[in-house]
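Each of the next two complexes has chain A plus one more chain, namely chain B in the first and chain C in the second.
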Partner chain A sequence: MDRFLTEKVKKAFLVIATVALFVFILFPPAVLFLTSIKTELDALSFPPKWFFQPTLKNYAAILKTSPLIGYAVNSLIVASLNTIACVVIGSMAAYSLARYKFKGSENIAFWMLSIRMMPPVAAIIPIYILMKNVGLLDTPWCLVITYLTFNLPFVVWMMKGFFEEIPRELEESAFIDGCSPLNAFIRIALPLVAPGLAATAILVFIFSWNEFLFALILTGTKAVTLPVGIIGFMKETGINWGYMTAGGILALVPVILFTMLVQKHLVKGLTLGALK
Partner chain B sequence: MAGHMLDIVLKNLKKKFDNGFVAVHNINLEIAEKEFLVLVGPSGCGKSTTLRMIAGLEKITEGEIYIKNRLVNHLMPKDRNIAMVFQNYALYPHMKVYDNIAFGLKMRKIPKPEIDKLVHEASEILGIEDLLHRRPRQLSGGERQRVALGRAIVRKPDVFLFDEPLSNLDAKLRVQMREEIKKLHERLQTTIVYVTHDQVEAMTMGTRIVVMKNGVVQQVGKPLELYEKPLNLFVAGFLGSPAMNFLNARVVEERGAFFVKDDHFSLTIPRALKNRYSELKEKEVIFGIRPEHIFDKTLTDPFPNGESLKAKIEIVEPMGSVVVLVARCGTSKIIASVDSKTKARPHVEMDFLLDMSQMHLFDKEFEEAY
Partner chain C sequence: MKDKKIKNYHQGESFFYSFKYKYTWFFFLAPAVIILLSIVIFPMIFSLSLSFHDWNIIRAGGWKWIGIDNYRTFLFEDPYFLTAFKVTLIYLVGTVPLQFALGLITALILNQIVGKVIGFLRTTLIIPTIMTPVVVGIIWRLMYNPDVGMLNYFLSIFGFSPVNWTGMPITALPSVMIADIWEWTPFMALVMLAGLQALPQEPYEAALVDGASSWQIFRHITLPLLAPTMLVALLIRLMDAFKTFDLVFVLTQGGPGMSTEILNYYTYRYGFKFFHLGYASALSWFLVVIVTIVSLILIKMIRSRGTYAEG
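Moving on, here comes the complex of A and B:
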């Protein structure tokens, strides 16, 4: 009897903690959403109004009057190209670091990781000058390339871990069955880390989609991405909270849909090895 | 190479790992066609490393490997026409059993109908036809083992390489698979190199055995040859269970006869072996005798070359067909496997009869057999 009781208390505590955590995490997006369906008057009232007449006016306005769709297309191009490049280059690099130990291979792996330790701001001026000199400023390419700097080390480290989890005999068995090293990579190693690769790709996509600082500096008019575009509603004459929050929600939707779609892989991928 | 065909030749084969550790020293070995060669030795003696060099999975530091008269040192594993079965089976988890078996054929661009035929043929031999549509993780250990065998035999390779394929199975299944692999060998008539640390497997399966220790080949020969005429203390102690008894002793000559002698025993060396050991007069040696060549004196009629020895029983272990007795004679431990009718009880002194025609003598310093 006693044990059941403590079990129940434990469970209740867990539920409460989970709910509290969710409220904490979901509060900002909830406010974002509520603000996006308020009229300008309701949005600015203080204390904030919890009951009001919802409206889609903001959404209609930004979709009609601002080039938000164009920004979204830019974001999509940048994020997808970056993700593809990261996955292709990163998984190959990770595989060779995991499987072919040579003098200094551990140092190379660490050096890659150390790039991520650098604050992005530190690199922004050199990158700006570089991009200007090669004439890539204000194109999607300059963002695709710049994001590689930050996403590739992440992909390499994630994937290196996944590849190291695969028993070596599987590839050795494939060699004996007639595979070249490249064949063994494509037919054996890659399918086995597929869930992990998918999870990593999602995280990379989300990073590229949301990135703000570099996008702000490196683009001007043609290659503007969503986060930078949304900031455009911040004018000298004042901030249009309704437009900004509606833009924010629209930027969130694809990410949420995408994540829900691949959620199964995400969980499987991030716990790869633990499940085995 | 006329006459009988050699399938694998290892010439001065050596493996030094990057950390400087030499795992295999200078192995020379000729493996004939259709042979079932077992590499046996304690953990870490370099068996797997040798096998993996034959497979092409491990770089060769020095020496040469020939498979079917072809130098393969620089050939990739895929070009050596070998098949290998790993200890943990190494089945591809993302493929069904059928595709696991078919994979090697697909990689060799064999037409689909032909693949289908071969896969079904192989799975019929191994009795795994019902499993073809399962995934490896839905199989028991024994079934995985069969699939791994299927994957190996389906390609009809020149050589099979096995690396401790039975060590993950329970005792009963191990005995069963041992028989099946032997039968498979008879049926397919393909050369097998089989690695194990289990001397029973080595004795029962191999047509020839290679005993290794610390990367050095100790002895090569037919199972019984190694069992009856071990070249050194290590081989003598490694093969056979329970292991051979070793007692420190001295060879002495008294009135024309030779004895193996210690403070607690004195055993006459058979006349037939006298010449062989005559050089050893007054020498300190190690005397070896197998447990099955020691008898309970009360249950055994005297026989030629049977010599008595008194020892105090410490442990009595009934094994069913025999009783294993652990006894003490002075400072030496003696293990005997005697008739199960024995009346031996712990802490009681009893008389044993040793069959001295089966005795061994070893050099005390170099541990080599005389």
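Moving on, here comes the complex of A and C:
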């Protein structure tokens, strides 16, 4: 009887703790969403209104009257081009490091990992000066190139792990049949790591999409990406909460959708392969 | 020819090492290495050189060699650097250990939960971790808003007077830290939950047979087995905490005064508000050295043990 009671208490404690935890995590984003579907009057009422007539006016307004769509297009261009470049160049390098164990291959792999860990503020000053001198400032290209600094090492490091997991016998028997190394890479190895490759590409896309510091400094008017653009709704004269929250929600939609697809590889990605 | 290849193969020699393909690795690897050398290593050398010069981009005149003066200035003469350093230390000490402890507790609780609900709970943990950091800043700005924010609403329910969370020097730094804890505790929990779920079951079964208490099991089995995962989570978080920028930018812009001006933000301000690019480069190298120390420890761990957990 006693044991039964402690089990029950333990279970009740577990449930309460879990619920409290998830209210703590989910409440702030819920407030963001609720504010985005309130009229300006409702959003600025205190105490906050829990029951109100929801409206999509903020979304309609930012899509029509603000350059938000332009920002989103910039973000999309930068993130897609960067992802393609990283995946192509990075998976080739990863294949080389995983398959051809030449002298120093481990050192090169860890050198790349250490680049991924560098603070961006250290690279931003020289990159800013260089981009200014070659006239790429405020173009999507400068962000596509700059994001290689952290995304390319990430792809190499992730894909190296995936390539090492697949057996090499298939490629070796292809070599016997006269297949070239490039063909073996493209036709045999790549299809085998396709799920890992897709997950890596999605994570790279999200990292580019979320990036703020480089975009803030390297763009001005034409190539502004979504995070920098949304911050623009924060003016000296005050914050337009409707715009800001609706913009925030729109920025989150692709991130959340994509993340659902890569849940399985997320911990590996976030810990740089230290954990699977 | 083909026969000879097969013979070599059977002798245990891989085609990847055969003479014909001896240098293939080079062509696969070269593009990535060349790109990283030109967009990371070359700029870093450029910035190292710049850090020994005095150069303000909006003032007339070129680079002026001043040796180690920039470094000497911030290490021994710049009182604001010292303030930023202290703010950074408080920030790190106040966030990383707390995130670690809360994350561990969360992971231990979630590890007890079985059934379908765990999938939903894991997904929830992912949301703050993967969310656009600027949007995290917006969320918390909304929460902290002195006039209509949720936090002041809760205070008013319990009869307290409203607080200007991010507007006062005393509360500004804790406010940014709370947002940081909200953002990164789920990451810690996620990582340690993955670690817990990958632990072998045998020691636990043996301990149950021997009649060990839950505390003994935690203390003598879970803790030592989970230690490497815990260390990796801590080091990654510590390394990233030095790079905090977005939250500070959106919530306080380093203010009021210098109350939330962490080193990363201080460096940014010197470079891109005051345009003292030489001094900012020197400051950024200080950050590079610190982060490199942390990352070398982390890399050494990954190197010696390989992957920590599979799950």
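In the analysis below, the second predicted complex is superposed on the first by the 221 of 276 C-alpha atoms of A that agree within 3 Å, B and C clash if a C-alpha of one lies under 4 Å from a C-alpha of the other, contacts with A are read in each partner's own complex, and residues count from 1 in each chain.
One rule holds in what follows: a residue touches a chain if its C-beta (ideal position, glycine included) is under 8 Å from a C-beta of that chain, and two chains touch if they have at least 3 such contacts.
Predicted model only: the values in this text are computed from it and were never measured.
With both structures placed on the common chain, the touch criterion links A:Val121 to chain C but leaves chain B unconnected.
In the superposition on chain A, contact of A:Met260 is made with chain C only, not with chain B.
After overlaying the two complexes on the shared chain, residue contacts for A:Leu213 are found with chain C alone; chain B is out of touch.
Using the contact criterion defined above for the overlaid structures, shared-chain residue A:Ile176 touches chain B and also reaches chain C. When the shared chain is aligned, chain C comes close enough to touch A:Ile25, but chain B does not. Of the two partner chains placed around the shared chain by superposition, neither chain B nor chain C is touched by A:Leu81. Of the two partner chains placed around the shared chain by superposition, chain B is the only one that A:Ile188 touches, whereas chain C remains out of contact.
Of the two partner chains, chain B is the only one touched by A:Pro167; chain C is not. Looking at the superposed arrangement, the partner reaching more residues of chain A, out of chain B and chain C, is C. In the superposed model, A:Leu197 makes contact with neither chain B nor chain C. Touched by chain B in one complex and by chain C in the other are residues 172, 175-176, 178 of chain A.
Chain A makes touch with chain C in their complex at residues 14, 17-18, 21-22, 24-29, 31-32, 35, 43-48, 89-90, 92-93, 95-97, 99-102, 105-106, 108, 110, 112-115, 117-130, 145-146, 148-149, 152-153, 156, 161, 168, 171-172, 175-176, 178, 181, 185, 206, 209-210, 212-213, 216-217, 226-227, 230-231, 234, 239, 241, 244-245, 248, 251-252, 255-256, 259-260, 263, 266-267, 270-276. Of all residues in chain C, those touching chain A in their complex are 2, 5-6, 9, 14-17, 21, 24-26, 28-29, 31-33, 35-36, 39-40, 43-44, 46-47, 50, 57, 106, 109-110, 112-113, 121-135, 138-143, 147-148, 150, 153, 156, 182, 186-187, 190-191, 194-195, 198, 229, 232-233, 236, 239, 242-243, 245-246, 249-250, 264, 267-268, 271-272, 277, 280-281, 284-285, 287-288, 291-292, 294-296, 298-299, 301-303, 307-311. For chain B in complex with chain A, the touching residues are 55-57, 76-78, 82-84, 86, 88, 90, 92-94, 103-104, 107-108, 151, 155.
Chain contact summary for the complex, chain A toward chain B: residues 167, 169-170, 172-180, 183, 188, 191-192.
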